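Remarks on the structure that follows.
For reference, chains read A, B, C, D, E and F in written order, and residue numbers begin at 1 within each chain.
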Amino acid sequence: MRFDRPFERYVVGERHRSRGRTVTEADIVAFAGVSGDFFPLHVDETYARRTRFGRRIAHGMLTLSLATGLYTLSPEWVIAFYGLDRVRFVRPVGIGETIAVESEVAGLLDRDPASGIVVVDQTIVNARGEALVSGRIRMLVRKESASTGERE
Amino acid sequence: MRFDRPFERYVVGERHRSRGRTVTEADIVAFAGVSGDFFPLHVDETYARRTRFGRRIAHGMLTLSLATGLYTLSPEWVIAFYGLDRVRFVRPVGIGETIAVESEVAGLLDRDPASGIVVVDQTIVNARGEALVSGRIRMLVRKESASTGERE
Amino acid sequence: MRFDRPFERYVVGERHRSRGRTVTEADIVAFAGVSGDFFPLHVDETYARRTRFGRRIAHGMLTLSLATGLYTLSPEWVIAFYGLDRVRFVRPVGIGETIAVESEVAGLLDRDPASGIVVVDQTIVNARGEALVSGRIRMLVRKESASTGERE
Amino acid sequence: MRFDRPFERYVVGERHRSRGRTVTEADIVAFAGVSGDFFPLHVDETYARRTRFGRRIAHGMLTLSLATGLYTLSPEWVIAFYGLDRVRFVRPVGIGETIAVESEVAGLLDRDPASGIVVVDQTIVNARGEALVSGRIRMLVRKESASTGERE
Amino acid sequence: MRFDRPFERYVVGERHRSRGRTVTEADIVAFAGVSGDFFPLHVDETYARRTRFGRRIAHGMLTLSLATGLYTLSPEWVIAFYGLDRVRFVRPVGIGETIAVESEVAGLLDRDPASGIVVVDQTIVNARGEALVSGRIRMLVRKESASTGERE
Amino acid sequence: MRFDRPFERYVVGERHRSRGRTVTEADIVAFAGVSGDFFPLHVDETYARRTRFGRRIAHGMLTLSLATGLYTLSPEWVIAFYGLDRVRFVRPVGIGETIAVESEVAGLLDRDPASGIVVVDQTIVNARGEALVSGRIRMLVRKESASTGERE
């Protein structure tokens, strides 16, 4: 999703598709290193082959994290990431798959005079359009009407 | 949480507290690099100082990812990360804060003859015990009663 | 610079200032690791203290590389990075300095029916507005008038 | 180039060829992470395939940065990287290509009683000897005749 | 080895086999970056092909370091890594090999009232069971009988 | 040690001192990520403070790995790292300490017509000259007298 505007300018139902990113073995290795999650499904090919997945796959949290890197986040308007709801890791993500984020504004929650929450249903898909991760994200966004605030 | 047993051996209400991990500037820089999320609140000190947070803070997804590295995940029993619900980034996480994960089994969902979902309410806390991230995770776990399956 | 349009839409003299990024010790360590440049001015505090710089400083190539991460590069229009001219590392960049890129379109070179080169004078500055790195970059950009080409 | 001597000991026209380094997918992923440059030509295989390059390629700045890691930089004599001139990214650098740096001293600029600038024309080549990046670098080097200075 | 108990509970002769980890190109690139060891046998495919090894191989120290990540280290009982003896890099470790650690307690050295050294013979093996690295490690471990000490 | 010559040109008793490298928090975080060793003494400040070390310290294997990056390894003559003996982690290495390697050739083992083993006693020291890690390393080195072999 493009979070590139003040809160008032989002419309429920608007849709967006992000650019893509290829999930590489190097990403999986790097994410294991950052998170500390070395579960063998991600870093042990011998183990992974014997599972239902048949090969090493990306951490669910890696795929979800890569999605956040595909958002457009305007420093002018975005305040902070607010929350996640009903995230499901629907399909395994293998090495070499190219993901993109399809999103739709699902709701707009007024919060206070200066900000609101943009609720977005997002599906992380692969190049064949298959859903990999579904879920809802909430982004805290400044209002245009906010008097010159913290950022001035 | 310690996911170190077959599905049948979890009890609703059991609790666990993980060991800790200090969130460093290097973690934030590395996570920006893996995720591609270079929102200035995380990597631009000048910008961050003028926000309500007053300093660079960790990505919410970094804190959540570090939590997964604090789980115990037995290769014998854990199948895959299944999902996340109602995750809220309650407090900002600054450089130098040491986080830990407090968790409680909230539900046990039978899924098929070979596996079930362990539902866990987790709170990521700092060294003062303040909640930083709350939420619920779902882990897909093998049953002990499963006939010798994919892993044999 | 925002490379977010077809070649025809740049105007000589137009200016832009990027968002910022704080150069951290972790960036220097990571860049040494990627480039293989472990010159002690960057990774040996004892050595660095005895130099004219008085402390560890960022690799010039790191500062220059961070600048490229501050460009806006539209996948629709940017073809490739074309070249660099007269880059000078004017001031050392210390740990904790926040850099930004000030740029001005200096020339527009028609190249072929489908593309042109946008020439940009750029100055990487710190939070006090001091020039750290000066130089000129050349970006190969598609023309709007290009018949549906490689990207269709 | 081997910057392993005081300024007085370089001769215009002397040549050098560095050892090699293979550019891997992991290098591209790491460089995207350090620089923040996630342009899809480098990290989105689906996008890259449809470009004139036909596949993901290394960032120009990565290739240039790897070259600096192939220099010999004597802590005794090298003061700092001074500048770059007329760098051109002549050919795309694909995953798996092994690069090396061919260089020739092009000029020697006296600067002050203690130091001078060694000007080097460098060509980064692949294993087939094809030029990938051409350009000129300037390195600030101590003089042998310098009275015991900052480094004593 | 599982260092998950107080010193008194180890028995000479007990054996353990760790889970596995696949050594990837990304690990080699990352280890070169952390250690600063860019010897071309690890990062230059053209060079490596002409050696007796015929291809890039992992740093011996990388394989040894990966082994430490496969130990179980209980924060409750492990004090520190004490030493290494007679480590031999027996076979080259190629990209894609999955390693595991086979270990056997070789000795138990009483050290003081609060701690002892567990001496372990370890062999790092590949998926075909071939020895890659042999050696002995020494781990400093708390005694159960230690009066409440530093960790209370 | 400078491994920059054929086997015949080393002399028992010759000494060398390497350049230095400062051990940073970023190195510790990166090494935890590469090795998978997230023992809390290295990554949990709250835990580390209560230990005898009083603060987070570097992994012993990190210090040892950094030392290998401080060797000079001539691609012409060095064949491979052969082994390690009697390595002892004598003193903890804190964040910010600058290490260097002091070494002395302790033995020369003829191995076959083409190569020999250079045995080196090494002490990794800090800026105050205190020993941090002691041990012996073995490097397999080509002979000058070797008929044109694998590398021609």
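We take it that contacts are C-beta pairs under 8 Å (C-beta built on N, C-alpha and C of every residue); 3 or more make two chains touch, one makes a residue touch a chain.
Fair warning: this is a prediction, and the values are worked out from it, not measured in the lab.
Q: Looking at the contacts, which chains touch chain B and chain C alike?
A: Shared contacts of chain B and chain C: D, F.
Q: List every chain that touches both chain A and chain E.
A: Touches both chain A and chain E: D, F.
Q: Please pick, from E-F, C-F or A-B, the pair whose interface repeats that of B-C, with more than half of the contact pairs identical by residue number.
A: From the options E-F, C-F or A-B, the copy of B-C is C-F.
Q: Going by C-alpha centroids, which chain is farthest from chain F? Tell me that one.
A: Chain A.
Q: Specify, for the interface formed by the sequence copies chain B and chain F, whether it is same or different in terms of residue numbers shared by both sides, with half as the dividing line.
A: Homomeric contact, different residues on each side for the most part.
Q: Using only Cα atoms to place each chain's centre, name the chain farthest from chain B.
A: When every chain centre is compared against chain B, the largest gap points to D.
Q: So what angle, to the nearest 5 degrees, turns chain A so that its CA atoms land on those of chain B?
A: When the C-alpha atoms are superposed, chain A turns by 180 degrees onto chain B.
Q: Mind checking the centre-to-centre distance between chain A and chain F? Centres are C-alpha means, answer in whole Å.
A: Once rounded, the distance between the two centres reads 42 Å.
Q: Could you give the separation in Å between the centres of chain A and chain C, each centre being the mean of its C-alpha atoms?
A: Whole-Å distance between the two chain centres: 27.
Q: Go ahead and note the Å separation of the Cα centroids belonging to chain C and chain D.
A: So the centre of chain C lies 16 Å away from the centre of chain D.
Q: Please list all residues of chain C that touch 2 or more other chains.
A: 19, 21, 24-27, 29-30, 33-34, 36, 38, 40, 43-44, 47, 69, 75
Q: Can you name every pair of chains that touch?
A: All chain pairs meeting the touch criterion are A-B, A-D, A-E, A-F, B-C, B-D, B-F, C-D, C-E, C-F, D-E, E-F.
Q: Write out the stretch or stretches of chain D touching chain B in their complex.
A: That would be residues 30, 32-34, 36, 38, 43 of chain D.
Q: Given the complex with chain A, which residues does chain B contribute to the contact?
A: The touching residues are 21, 27, 30-31, 33-37, 39-41, 44, 47, 50-53, 59-62, 64-66, 68-71, 73, 75, 78-89, 92, 135, 150-151.
Q: Given the complex with chain B, which residues does chain C contribute to the contact?
A: Residue positions touching the partner: 19-22, 24-27, 29-30, 69, 96, 98, 127.
Q: What does chain A use to touch chain E in their complex?
A: It comes out as residues 24-26, 29-30, 33, 38, 40, 43-47, 56.
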